Amino acid sequence: MKRTTRWGGLAVLLGAVVAVAAIAGATGGHAATDAKKPIVIGWAFDAKGQMAPFDDPALAAAKIRVKQINAKGGVTKRKLVIKTCDTQNNNPTTAKACAISLLGQGANIIFTTCDVDFATPVVQAAINRGVLAVAPCIGTDQMGPKRFAAKGKLAFSFGNVAQDEGSAMAQYAWSRGWKTAGLGTNTLLVYFKNVVQAFDKRFRQLGGKIVDRESYATGANNVNSAVTRLNSHKAAVYVTSTSFGELPAFVSGLRSLGNKTPIINSWAGDGTYWVTNNPKVTNYYFVTYASVFGDDPSAPVRSMIAALKAAGSPPSTGGFLGGADAIDGIVIAIKRAHGSTKGSALAAQLVKFKRVPVLGGRISFSAKLHTVFGRDYRVIEINNNKAKLKGLVRAKVIPKL
Amino acid sequence: MSTIASVDLQTLGDAFGQGAIYALMAVGIGLVFGVLRLVNFAYGQLIMAGAYTLAYTSGWPVAASIVSCFAVVVTLSLAMDRLVFRPLRGSSPAVMLVTTFAVSFFLQALALIIDLRDGTLGQIASSVAPLNQAVSVGGVDVRKVTFVAVGVAVGALVALALVLARTTIGLHTRAAASDFRTARLLGVRANRVIAFAVVVSGLLAGAVAVLLTVQNPFVQPDFALEDTIIVLVGVVVGGIDRLWTATLGGFAIGFVSVLVNAALPTDKTVFLPSVVYALVIVVLLLRPAGLFAWGRRAAVERV
Amino acid sequence: MSRRLDTLTELLGPAVIVILVGALATTASASNEVYFLNALVFVAIVVAIYVFVGISGVLSFGQISFVAVGAFAAGVMTVPVDSKKGVLTSVFPLLRDHSVGNVPSLLLAAGLGGVFAFVVGLPLMRLSGLAAGIATFAVLEITHNVLREWTKIGPGATTLALVPETTGALQATLGALVAIVVAFLYQRSRRGRLLRASREDPAVARSVGVNIHLERLLAFTLSGALAGFAGALYVHLLGSITTEQVYLELTFLTLAMLVVGGLTSLWGAVIGALGVSGLDSFLSRAEQSHVHVVLTFTLWQGTRLVFLAAIMALVLILRPSGLTGGRELRLRWSLRRGRG
Amino acid sequence: MPEAAALELDGIEVRYGSVSAVRDLTLSVGKGEIVGLIGPNGAGKSTTLHAIMGLLPAHRGEIRLHGQSLRRRSAEAIARAGIALVPEGRRIFGDFTVEENLRLGLAARRQAYIGDALGPAFELFPILAEFRRRQAGALSGGQQQQLAIGRALVARPDILLLDEPSLGLAPLAVDGIFQAFTEIREVGTTILLVEQRAQRTVALANRTHVLVGGELQMTLGPADAEDTDKIIAAYLAS
């Protein structure tokens, strides 16, 4: 008995070593050089974790787009292939292993998750090897030189950049005749902060007045305090950029206090999965890529949504469009680079994008901004928990933050 | 001038509401600690399970939804005791604590899988949301939940105090919390006392689930995790050895957090955790046995 | 004779197993190598925690603060200067305009971790029990908050990217070995034995003149230095770091590793770190695709953490003293038990 | 003996790790008897009581209550089977009132009671009735001991185990306690008394066993009470 307990440690250890060793036996592919070989898109994403609601729809849309493009003969006679790897709730070790494994399988372009912090291990694995790294829906200017310096030339996102979004929100507010605004900043994410900062700057440029600036953070348990304080400052519109639990807490918090002032949110506030029945969500606006409520003005977008529904993954926010747009954008870049899939060649083309038409509309990049700007945002209003397209808005100015 | 005054009253209301909810959690944690000497880190996941139950039953009549919330939480609480706490009885405090970490992660990971089935993360529990509406008190809007939270907390604490003081099971529980070995020598049934503590702590978790979803109707796997950590801190700061000091500690940390948050300039609220935890350190250094543990020496060498 | 052999195995056991894992790492494919290196870095972190928590018997939730400080110090100071000017625009000029090499960054991290631990420990080491646990936890919260919000010393809430990925198989193995040797020398030293004695019986230790406060402070500082060093290894493995990666989850996971392995022995720390990392990697791979170990394993997507947590809980329920029983590795067993 | 003894210890051995604290101890306590157990410090007296209560497992041998083995029963089960221990150091709940302490004793009571459940304690120690609302911690040492004995008696146990009840008490209080033992016996309760006051114990008990180094050394009767030499010899026999 004593003997077994004493040797128990060793036995377990041996087991652990065997288990770890077993992992060692994996494959390593070789990069495709033949022009007729398919173009491999390595897609490292979060399939079942926190980011899954963003990553899964983008991948689903990309897959449909790839199928459509391949049906028309592919790109420069080469088919597109998507190889995926699950980063498992964006565990940094797994994410890095995923990226290396996908590159080992000959990936020409690496796609990554929709949050730049979670994406970093994957992005670095790609750009360190001269491979283009693309995110379908990162919304900050961080996916590019701003975060990754010189190597960041190879990093792009097809999400809308927060500055552009905040500016569009300000324009929309001004156009509605809302002259005073109260700001609630969720300090958790750079994206959240930048949207509100951009609104702040652009709104004042247009002649608006900011009556109150409050901040709160996901996880800090202080959204109620921010709501209470905003409520005591009368404004024509309240502005925030948030999702997660703070979104319903913010909106229903204000409404519960009897405050009926319009609230405007960024893409973070897209969807109706979060709406509360009591009090119902009213007079709430947000800007997004596409309306998933059946009334998007673009026919191709509507048919993409139909295709996604048919594929069993109906989108709950407009963010899926980033996945489809990214495929279109990449295809255009490859064509303009005469079939090259080299990171530097593609990046050189992407930074020249000026109102280039993709599935969701026209998009632009610049040498500084590797995240989309200039999109025609869909403004959606939720009233009595029903979402409806209200109009389109495009930012005229991108404020420098 | 009037704005400032009204903000202060509102803030005070928020502070009382937060403090009341944390006091309830503190009792739930303190009660189990009392009889088992186990710091249950997984307490938040009981609340999370209750909140998910409220979310998934939000189509039901409110009463049915709340009853099922309590049923799920109490069942889970008993299951936790049976499957985890009981085999661990007598283990070192560090082992018990770390095992409850594992239980907590297990339940969160499970919730993530269940939640994500519909492609979105988070579920809305809004059956009790009307409680979040405001009533005007002297020109100041105060949320109903503040009164309900304070009312439930005071009611639950008074009821518990009466049970502990007047009933046999209450007497036995107090004896077990003070000296379990002697209590057993006198014939006090350990399993019955522990079951009582576990059930009451589950009921409190159920009540907290209802109150927390009023303020934050969006339920995610990490629901109440942050709150649990803060309450655990508060409980130790107050004095975990006794139920009343633990409860006061829970109340105090909730109350103080809201006030500090309100006192900080907007652009400095991001440093709220630093301020609160610096206070925690100061209090612990000055009164290691607990802020409210008058006349007790710091002889608690348990973990 | 047998005692000398015991001393030898106490060091050689952990060392050999770490070298073994390091050797396996070099034979694995590039993507799997990451998992082995990660396990070795975790050995360094868990051994650092062991040096304080295991030997003193005082629970601390604060050791990851020192890992965080080490990781950010080593990270910020090794990003090339020309990159820093573009990405770390708001940091102090001193930090922005200078960079150091790999080895100096490891030493810097160890030094900073040690100094920080010393400063924090000076008042806090008077506490024990739950009060110590919560006070050290408060240190973790404050460290995280400051690192996250103060953009003059680092990237703040954004990721610190562009850190040279110098933790390969060699550096990871050597790093883990350094932690093990330091921990071994300390626990064999007079001071280490005094502290261990104070864990067994504080009153007796005090009565024979042991200054428990001083001994704990020493262990805390040493542990902080090792943790800072391990943090540097970690940032050089990942090539990037966020404040969230060196916060609550890492704290709970590494403490769980220590307890699962066996809280009170160096062997336990090493086995816990390798065992849990190994299991985690195994489950991770099994979720990605089939894994063959005698049988073929496949896991449903998203269930890795459910299994990992359940297995850890099960181990602790069945073997509360951990996989090693909290004892050092002994190859020759006499009939007398270790404890009287 | 035609009838099974109230309590029998049959060749028990109790160990702490590899050290045995009690070896091959056999003794029996008949119904209504007082049996004493004396011996120097560390002789294994308390250990014996703990083994009877199930706080320590008997490594070998058997402990029987009314002929029924107590093997593998928990302390709480043994308490409810009719054995009450007044532990060393009294172990009263200082924060509780006197009445609450006594009510705790009812936890082990087997049958329903009529009238004042705490009667057995109040009859024996009227002072407890007077102080019933006071904090137990505020009582004097002797009163606390009375409370501890009273608490054990309200369970109406068949057998009362007492672990050094006179320890640390003033002489007058000791007299009171010893007086109480006689009264307890008169109600028919069996007593196993572990004591340091050898002479008084020998005088009181039907039989007194001397335990030295974990082994039964000698058995004395009340007649030996005056024979100081004999008692001293028994103590030194290790």
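Think of it as A, B, C and D in the order they're written, each chain with its own count starting at 1.
We take it that a contact is a pair of C-beta atoms (placed from the backbone, for glycine too) under 8 Å apart; a residue touches a chain by one contact, two chains touch by 3 or more.
Since the structure is predicted, the reported quantities are computational estimates derived from the model, not experimental observations.
The chain with its Cα centroid farthest from the Cα centroid of chain B is D.
Relative to the centroid of every protein C-alpha atom shown, the closest chain centre, again from C-alpha atoms, is found for B. Centre-to-centre separation of chain C and chain D, using mean CA positions: 53 Å. Centroids built from CA atoms put chain C at 31 Å from chain B. For this pair, chain A with chain B, the centres built from the Cα atoms lie 35 Å apart.
In chain A, the residues touching two or more other chains are 48-49, 89, 187. Annotation for chain B: residues touching 2 or more other chains are 112-113, 116, 270, 273.
Put simply, chain A touches chain C in their complex at residues 2-3, 5-6, 8-10, 12-13, 16-28, 47-49, 85-86, 88-89, 91-94, 96-98, 100-101, 104, 116-117, 120-121, 123-124, 128, 142, 145-151, 187-190.
Listing the residues of chain B that touch chain C in their complex gives 39, 84, 87-88, 91-95, 97-99, 101-103, 105-106, 108-110, 112-113, 116, 229, 232-233, 236-237, 240, 270-271, 273-274, 277-278, 280-281, 284-285, 288-289, 298, 300-303. Note for the complex: chain C touches chain B at residues 59, 123-124, 126-131, 133-135, 137-139, 141-142, 144-146, 148-149, 202, 248, 252, 255-256, 259-260, 263, 302-306, 308-310, 312-313, 316-318, 320-322. Taken in their complex, chain B has these residues touching chain A: 3, 6-7, 10-11, 14, 18, 58, 112-113, 116, 118-122, 124, 126-127, 129-130, 132-134, 141, 143, 215-220, 223, 226-227, 230, 257-258, 261-262, 266-267, 269-270, 272-273. Contacts from chain B toward chain D in the complex involve residues 168, 171-172, 174-175, 178-179, 181-190.
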